[in-house]
Amino acid sequence: MFGTHDERRILWRHMREPVLTAGALLAMLGINVALGATLPFPHVWIVELIVAGAMVVTILLFSMEVRHDPPLVKLFACIGFFWVGILFTMTLVDYLSRG
Amino acid sequence: MSAGASDSAVGVELVSHFATVEQQKHAAVLGMWAWLLTELLLFAGLFLTALVLRIIHPEAVQEAARHLKFWIGATNTVVLIGSSLTMSGAIQLSRLGWQRGMVRFMLATAALGTLFLVLKGYEYYADYQEHMMPFLSDRPYELKDSPPSRLFVNLYYVATGLHGLHLMTGITILLVMTWQASRAGFLTRHQNRIEIFGLYWHFIDLIWILAFPTLYVLNR
Amino acid sequence: MNPTDLALRLWPAAASATAVETDWLILAFTVLTLLLTVPVFVAITWFAIRYRQGEPADRSHTGTRSMLIEISWMLIPFLLTLIFFVWGARLFFISKQVPGDAMVVEAIGRQWMWKFQHPTGQSEINDLHLPIGQPIKIRMISQDVIHNLYLPALRMQMATLPDRYTEMWFKADRTGTYRLYCSEYCGTDHSKMDGTLTLMTQADYAAWLQNAGAQQGGQAGAGRVVYESYACGACHDPGATVRAPSLAGLYGREVKLADGRTITADETYLRDKILNPNRQKLAADYKQVMPAFRNVIPPDDLDRLVAYLKSTGATAQQEAKP
Amino acid sequence: MTSGTITDGPALRDPHTPDSRIGHGADYLHAEHTLRSWFFTTDHKRIALLYLASITAFFVIGAVTAGLVRLALVVPDGQVFTNDTYNKLFTIHGVVMVWFFLIPSIPATFGNFLIPLMIGARDLAFPKLNLASWYVFMTGALFTLASVVLGGVDTGWTFYTPLSTAFSNTWVVPALIGVTIVGFSSILTGLNFVVTIHTMRAPGMTWFRLPIFVWTHYATSLIFLLATPVITVALVLLIAERAFHIGVFDPAYGGDPVLFQHLFWFYSHPAVYIMVLPGMGVISEIVPAFAQKKLFGYKFVAYAAIGLASVTFFVWGHHMFVNGQSDFASLAFSVLSFAVAVPSAVKVYNWTATIHKGSLKLDTPMLYAMGYIGLFVLGGLTGLYLATLAINQHVHATYFVVAHFHYIMVGGTVLAFLGGLHFWWPKITGRMYIEAWGRISAFLIFIGFNVTFFPQFILGYLGMPRRYHVYPPEFQFLNILSSAGSTILAVGYIFPMVYLVYSIWFGKRAPANPWDARGLEWTVSSPPPAHNFVTEPVAPKVPYDYPIQAQETGRHHS
């Protein structure tokens, strides 16, 4: 497969970004797994949540190529998370203020 | 012969009710994103439930989360990230028109997806062995002294089950598409199907990237 | 006054200062509603007549700024209604701040009955007697599904949840008999989960507690509710689909058992049969189908149920004798 | 990206279409005749008719159960049915009317039929998906009907746990599955509309040349997409709890049943706007057409549609003031609810201002529209009463609430649906109905509706709880009045079913534009050609280019 030198070169040019993305995701996953396994300090969940958020953004921008998409698709990608924010915020207003 | 590049150009065949191919492709991308919005909100309901359970029963949730198979979950995340990489590979090759390579990448993606399900199945089996299935009436529940822990364990089954269902659907569609795509001329007519399916596959991955910390990591 | 006195009533009785203020709030809101809507209705009707097709009318338009109109008819009603938000919120928060000296009444909701317990220990079923001029806090919980204790005369309601206590408080200032309801749909007999709220002077209330209307005459009546809430009648009432012995007049009567013995249906017999009917002392000609109620029926409910069965027995005997 | 700025598209011509453009060749009704050509069609117009037939059937089921409920309430002591039967009747009424009539009503029929025509497209973006959504709808309907046939369900349409999961002895699971499946049909329809409106507009058809009907359907579709999945997952959790004991809300183990209510109302409050917004779209087409005047404040109305679809997601907690949520949350949800009134108010005043100095024809659709405006205003403002914390504490879960939402749903959605049906009937069928009958039905429904539901406001304030089969005798008079009104309402509903069906065979043939209305759908023949436009459609320079143009431009027209 991918016999010639030229083909390997083309292939690498196209695969560089996905490979780097996967590498970055694995690295971030490594951080989270390490934190989860060792629990080095209290409230480590805040860091874990930030790392998970970074992974999500990485998938959106790079794996799903939202970076290159027209503004409308970018808006669609954001709006869902905004609505999740509404759902969480307004529900938590109740749970966090219960006596 | 090289990586299977066909001579014909890569493209999309116009369906009659669209005016241009550009319009048709744009509609397809937008349609998939609209669908993904609904998927996100679907799982958001489950994540919210997890968070609320954590708020009202912190100890019970932590106790339950400690019984989840953390390392299987982590391995499965690696498997899904790998499947995303092969899916990206399939998309890249479809753009180049390298049909054979693309088909191989698609098969690899389906294989990794199946591996995820197999590991998940093994995890369920281990849960069963450890009496972590509170809904089975004939099998005493491990954490019976902590009734609220049942709620979190139940949520774990609904969330992972629903995610598994999405993955199974994805693998089925992927295999059907691989079969279609292995025939000549697919990329000249339906290249964008690979891209659209890729969005779905990456999003299932994204959901798991959220589900893994929500269920396994944050509550430890 | 009896709530059923009037065939057509247009305004509910109010028995507390909060209830009266709630009425003022809704009346004032209605005035604003009319101010905002009547001009629209009048305008639509007037325009419909004035500008009918074919009617000669001035249809020229001057260059008014629509922006100004749009913003003003958005903002002005909004600001006006906000007054009512503030008013309503104030009343609501007053009704949430329980005074320290409030008398605490416990309420339990269950399919399909209310049980109230007074601080002095007396309890009553479905009916609630309370004093006026005294802050009262009702602390409540449900034993099964979600119910909602609704006291319209006080303009108050609050859900009773199966997992945690909720509360409401009020200070009534008018004696009388009013209704109370369950207002959260709770299954088959939801609409029968109602009763009366009797508000009385503090002296009357003290006297009522002394006579313990709740304990004595109420016991058998309360037992009737227990009988219904456990659906005993589904099998034991005449005409029920499951064949089971009739319980009317059972108390004190001789019962022929399946093993040939004859036994008097005394209180012990009734209690045993309810708690553990499994084959013991099975009545002749009947099959053992009744479930055991041990650990199902609380002791106080069992007392009431037996009291009720005894009372039906007494009635039957009296009818039989003369 | 196709959306956005206002630019003059190519080849704009006079929108007052010459007859030359009116189609030749078979119209969509007569293009094919086989059964297969109906049940496997991908034509948005035929799918709209499939939906119309199905939702009419569901409306009949919902209306009959409503009639039986009103019949039961004529006497206070519950002598007509058993309590269980009554509970099943109002549950079926609620489930069928909400999920199988009101939510799909205007979008799935008129939305399906008109959006491609209005934006100048040949079809929706995904015609096969459109057909699939009808089959999904019917599958969900089958499950729900199965639960009814098997013996019914008695949880109320709200399915509150733990009643629905642990205590009801009826066929809850098939009903839940049915409603879950119907949600997917909504999602697919909404998805199709969003993509269609973004990508399929004809050249020159910019966003601010779209009719308000399209704007409101865009806003509705956003709600379909963003709200429906949350109830899907909430219902899935209920099914798991009831059928497999995999519960997360179970209070026996410390679960919180109020969380289900949060998830339920996150969908079900916006769902009110799924019902209301398309109705507003219909009224915004009818009023300018029968006033022969441009819609007042076009841009404001368009923005208000999107605004309503967004703020409606912030207010769901006003259904839960006395249900055990925190007082602070109640305060927040109350004030946000007041903010919803603003964009709602705009529309009503805009329609009134549109009539001002117009040239009015009081034909059937306009009568329905005027009835709608009156009832919708009352429904909306009584909604504010309910959002007021202290008032809600009294009238929550009473007949006041029942009256309020029937003013919104029947006074709003059903009247708009009937108005739209009369307005576009000539376009859909190519036939005219008998105008006098239409006017009679509009009057009957308006009067019958008010006699039925206005007494319920009073009943509610007097303290009669909803879902009561046995009720105190002092409420009997108002209940009898309400039941009497419902018979008038029933006659009003039967009228259109008769004369509209009659007109299909015996009605006069309809011209392309019987109302002298604007909008691309009136530029094609009645009924439209199978492929919608025979020649490339040309967007008008301004929407609602009626003879009488109002203030906004400041110019004088004839």
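Every chain is named by a letter (A, B, C and D) in the order it is written, and numbering of its residues begins at 1.
By our rule, a residue touches a chain if its C-beta (ideal position, glycine included) is under 8 Å from a C-beta of that chain, and two chains touch if they have at least 3 such contacts.
Every value quoted in this text rests on a predicted model; they were computed, and no experiment measured them.
Going by C-alpha centres, which chain would you call the most central?
Taking the mean of all protein C-alpha atoms as reference, the closest chain is D.
Give the chain pair, either B-D or A-D, that is connected by more C-beta contacts.
Looking at A-D and B-D side by side, B-D shows more C-beta contacts.
If you average the Cα atoms of chain A and of chain D to get two centres, how far apart are those centres in Å?
About 39 Å, centre to centre.
I'd like the Å distance between the centres of chain B and chain D, where a centre is the mean of that chain's Cα atoms.
Measuring from centre to centre gives 35 Å for this pair.
In whole angstrom, what separates the CA-based centres of chain A and chain B?
14
Using the average of all C-alpha atoms in each chain as its centre, how far is it in Å between chain A and chain C?
Here the centre of chain C sits 52 Å away from the centre of chain A.
Residues of chain A touching 2+ other chains?
As it turns out, chain A has residues touching two or more other chains at 70, 72, 79-80, 83, 87, 91, 95.
Which chain D residues touch at least two other chains?
2, 198, 226, 230, 252, 254-256, 258-259, 327
Taking all chains into account, which pairs touch?
Chain pairs that touch: A-B, A-D, B-D, C-D.
Considering the complex alone, what residue numbers of chain B touch chain A?
Counting only chain B, the residues touching chain A are 2-3, 26, 29-30, 33-34, 36-37, 40-41, 44-45, 48, 51-52, 55-56, 70, 74, 77-78, 81-82, 84-85, 88-89, 92-93, 95-96, 100-101, 104, 198-199, 202-203, 205-206, 209-210, 212-213, 216-218, 220.
Note which residues of chain D are touching chain A in the complex, please.
For this pair, the touching residues of chain D are 1-3, 198, 226, 230, 258-259, 262, 266, 313-314, 316-317, 325-329, 332-333.
In their shared complex, at which residues does chain A touch chain B?
1-4, 7, 10-11, 14-15, 17-19, 21-22, 25-26, 29, 32-33, 35-37, 39, 45, 48-49, 52, 55-56, 59-60, 63-64, 69-70, 72-73, 76-77, 79-81, 83-84, 87-88, 91-92, 95-96
Inside the complex, what are the residues of chain B that reach chain D?
Touch list, chain B to chain D: 16-18, 23, 26-27, 30-31, 34-35, 37-46, 48-49, 52-53, 56-57, 60, 135, 137, 147-148, 150-151, 154-155, 157-158, 162.
Mind listing the chain D positions that touch chain B in their complex?
2, 121-123, 125-127, 129, 187, 190-192, 194-196, 198-200, 225-230, 232-234, 236-237, 240-241, 244-250, 252-256, 259, 263
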